[in-house]
Amino acid sequence: MHEHNEHVYKIIEVVGSSREGIEDAVRNAVSRTSESIRELRWFKLEDVRGQLKEGKVEYWQVSLRIGFNVEGG
Amino acid sequence: MHEHNEHVYKIIEVVGSSREGIEDAVRNAVSRTSESIRELRWFKLEDVRGQLKEGKVEYWQVSLRIGFNVEGG
Amino acid sequence: MHEHNEHVYKIIEVVGSSREGIEDAVRNAVSRTSESIRELRWFKLEDVRGQLKEGKVEYWQVSLRIGFNVEGG
Amino acid sequence: MHEHNEHVYKIIEVVGSSREGIEDAVRNAVSRTSESIRELRWFKLEDVRGQLKEGKVEYWQVSLRIGFNVEGG
Amino acid sequence: MHEHNEHVYKIIEVVGSSREGIEDAVRNAVSRTSESIRELRWFKLEDVRGQLKEGKVEYWQVSLRIGFNVEGG
Amino acid sequence: MHEHNEHVYKIIEVVGSSREGIEDAVRNAVSRTSESIRELRWFKLEDVRGQLKEGKVEYWQVSLRIGFNVEGG
Amino acid sequence: MHEHNEHVYKIIEVVGSSREGIEDAVRNAVSRTSESIRELRWFKLEDVRGQLKEGKVEYWQVSLRIGFNVEGG
Amino acid sequence: MHEHNEHVYKIIEVVGSSREGIEDAVRNAVSRTSESIRELRWFKLEDVRGQLKEGKVEYWQVSLRIGFNVEGG
Amino acid sequence: MHEHNEHVYKIIEVVGSSREGIEDAVRNAVSRTSESIRELRWFKLEDVRGQLKEGKVEYWQVSLRIGFNVEGG
Amino acid sequence: MHEHNEHVYKIIEVVGSSREGIEDAVRNAVSRTSESIRELRWFKLEDVRGQLKEGKVEYWQVSLRIGFNVEGG
Amino acid sequence: MHEHNEHVYKIIEVVGSSREGIEDAVRNAVSRTSESIRELRWFKLEDVRGQLKEGKVEYWQVSLRIGFNVEGG
Amino acid sequence: MHEHNEHVYKIIEVVGSSREGIEDAVRNAVSRTSESIRELRWFKLEDVRGQLKEGKVEYWQVSLRIGFNVEGG
């Protein structure tokens, strides 16, 4: 029985942001993505950028690849 | 208020082509993508390829990552 | 006539696995993806990983980028 | 009118450090850079390193690429 | 019958240039390469550089990998 | 005599944009850079991005590394 | 309780080979590594090479990064 | 006297995790590694991943390359 | 005597394909290349792609860099 | 007291050359750069190229990233 | 008149070795390549490896990409 | 008989330095590593850095990946 063979993930890429910092931007991206996709399983942080204003970081911006279970999989 | 935290982009990858050239292939890819996804915001050109025939470029082919606003975001 | 200009691919990324080996994991990923997306055209193998248990490979795991025709394109 | 064509950024690379953590090291690098360059607009985090001493992180060190408006641009 | 197995491409790398622009440099490189190698099939643009003189682009220079059918293949 | 040993280039990174296309964005970036730095010699195109609006490319944006002679070198 | 914090993997890099093929070379590398290190958990295939002789593949050679539990962890 | 020539570092790669965040995962990895290897000197953050559960980050996971003095060196 | 200094390899890049799988595609590419070049010594697998049709892999396609002795070397 | 937080490096990229070899080209690039920037601290060799003439290396050319203390930092 | 457009380089990749060191291995590779190809113009050092025996470097081995004028070009 | 299948290498990463130059730093790293590990077989040069002082290179620093036979293998 190859029932595990049925196990397939899809990966999407999202960009999230936060005034607070890197981890908060990750949590925002994950939280918003979970509203439309169930069964999120892992992420990989692809890059970290930020908007600057008057010598300060105004927004932290992260891009993530997020893996999720294909439903019925 | 962290209303900006709500701001999340998704990124998709598309491949477009043109007989004319690189920029036309980008415009075709963007135009077709915009038929099904609203609120496209930016692209990044990932690679440029082409089909050759009888010593000439028959098609230019570009792959793009395109970022768009998550609706309701 | 620029009818070819209409030709646009989308690319998705999926992860498949198998107890048997690399090619079987690719076939599983493709087969499951084809259940929800028609007109798959090509894949590129992005990486190969595996789960180990008691000094043996328990699962082979591949991640693929898969290109498909945009319907109506 | 191509007035926007006049819009050009320069990018510099800086390394900042902090005893506190990654975000504090970014803020230090941005803050010091803003003393000599006005109109900083964005950064990209290129890598994160650290000095270790007696099994602890003594300093966090980040390298950033920072984009800024060319004055008069 | 594995007649398709016989199908093998070779890839060469060439650098072409043009005073006009990127696409013209690609076409020059392809055209010159086709004088000595028949059956060119595709290219991939590897990088784009240029020579500058008095604040202007004097030459655009592209490097391409070009795939071609092995004759008799 | 090692007079050639005296020959040293510096490299800067700039971002230019244009409503017209990739080559125009390169020319804008080079032209503006040449206002403050003489003796620009070559560029390498690092990436191509763009801003999208209503399914169209609003601006093309290129980042370049530009090499120039160190004066007196 | 941060008991999970105790969970740390080490990663080693090994090269294995086989006359049979890629998966057999992976299995050989894993099997030999497991003789001296217990608790191997996963691998990532880093590259695939081979020795050729008289127009045939004599050996397949894979390099792997293998993660294992730190004992007591 | 080339006494400095004697100075050689080794580099190991480790993966650490934390429920709290990125910096805490780094500190855990460093702390655990320091139990078996003295004279850790620096780290480089190679990647950041995480496990997701019910739309939240359950664990942050970092992989680090850590340099240490070869004893007697 | 620096007779070994005379030892020089050239490297070519080829693409091979197979209906059977990855290793068969490698063997086809090597076999066909050996018809025109003697003294092939090693290969490195650069990437693995495939053509898909009706949810199945129709062809596996590999690109290889192959090193060979320069004759008389 | 976070006086160390004040410690910020800038990084510049330069290209140097030499008829003698790689290390001499590095020393030339560093020496010329030190004429205008004090407090150079480290370099990283980014690439090595060369000009050829009549089957010989006429010039060795290195590109370096060089880090230096920001004055007053 | 686009006579410069005619200017096309080809690039080949070679591996050379030496008992003496890196630069000598480069010179060997260039010298041997020049026996069969005229008009070599530049090289780029792609990687440096070596064979070890009894704790010493037995051979230095470099791989180079070498650009040359296409004859008649 | 698959006796060759038993052949497995491990790879370690080390950093060596020298006041003299790149090759001397490689030799130092290899020599010191050979004091604790027998059967070193090959290295790959991963990067070259250096410490600068008063406009001169004070130390050359190389990082190497070194492959060695697993004993009994």
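We call the chains A, B, C, D, E, F, G, H, I, J, K and L, going by the order they appear; numbering starts again at 1 in every chain.
FYI, a residue touches a chain if its C-beta (ideal position, glycine included) is under 8 Å from a C-beta of that chain, and two chains touch if they have at least 3 such contacts.
This structure is a prediction, so every number in the text was calculated from the model and none was measured.
Student: Which neighbours do chain F and chain I have in common?
Tutor: E
Student: So the centre of each chain is just the mean of its C-alpha atoms; given that, what is the distance between chain K and chain L in Å?
Tutor: Comparing mean C-alpha positions, chain L is 24 Å from chain K.
Student: Give, as an integer number of Å, the spacing between the C-alpha centres of chain H and chain F.
Tutor: It comes to 38 Å between the two C-alpha centres.
Student: If you average the CA atoms of chain F and of chain K, how far apart do the two points sit, in angstrom?
Tutor: 29
Student: Check each residue of chain I and list the ones that touch at least two other chains.
Tutor: Only 22, 33 qualify.
Student: Chain pairs that touch, all of them, please.
Tutor: A-B, A-C, A-D, A-H, B-C, B-E, B-F, C-G, C-I, D-F, D-H, D-J, E-F, E-I, E-K, F-J, G-H, G-I, G-L, H-L, I-K, J-K, J-L, K-L
Student: Write out the stretch or stretches of chain H touching chain L in their complex.
Tutor: 2, 4-12, 65, 67, 70, 73
Student: Please name which positions on chain G make contact with chain L in the complex.
Tutor: 12-20, 24-25, 28-29, 32-33, 36, 59, 63
Student: What residues of chain I sit close enough to touch chain C in their complex?
Tutor: 21-22, 47-52, 54-57, 60
Student: Spell out the residues on chain G that touch chain C in their complex, using ranges where they run on.
Tutor: Touching chain C: residues 22-23, 26-27, 30-31, 33-35, 40-45, 66 of chain G.
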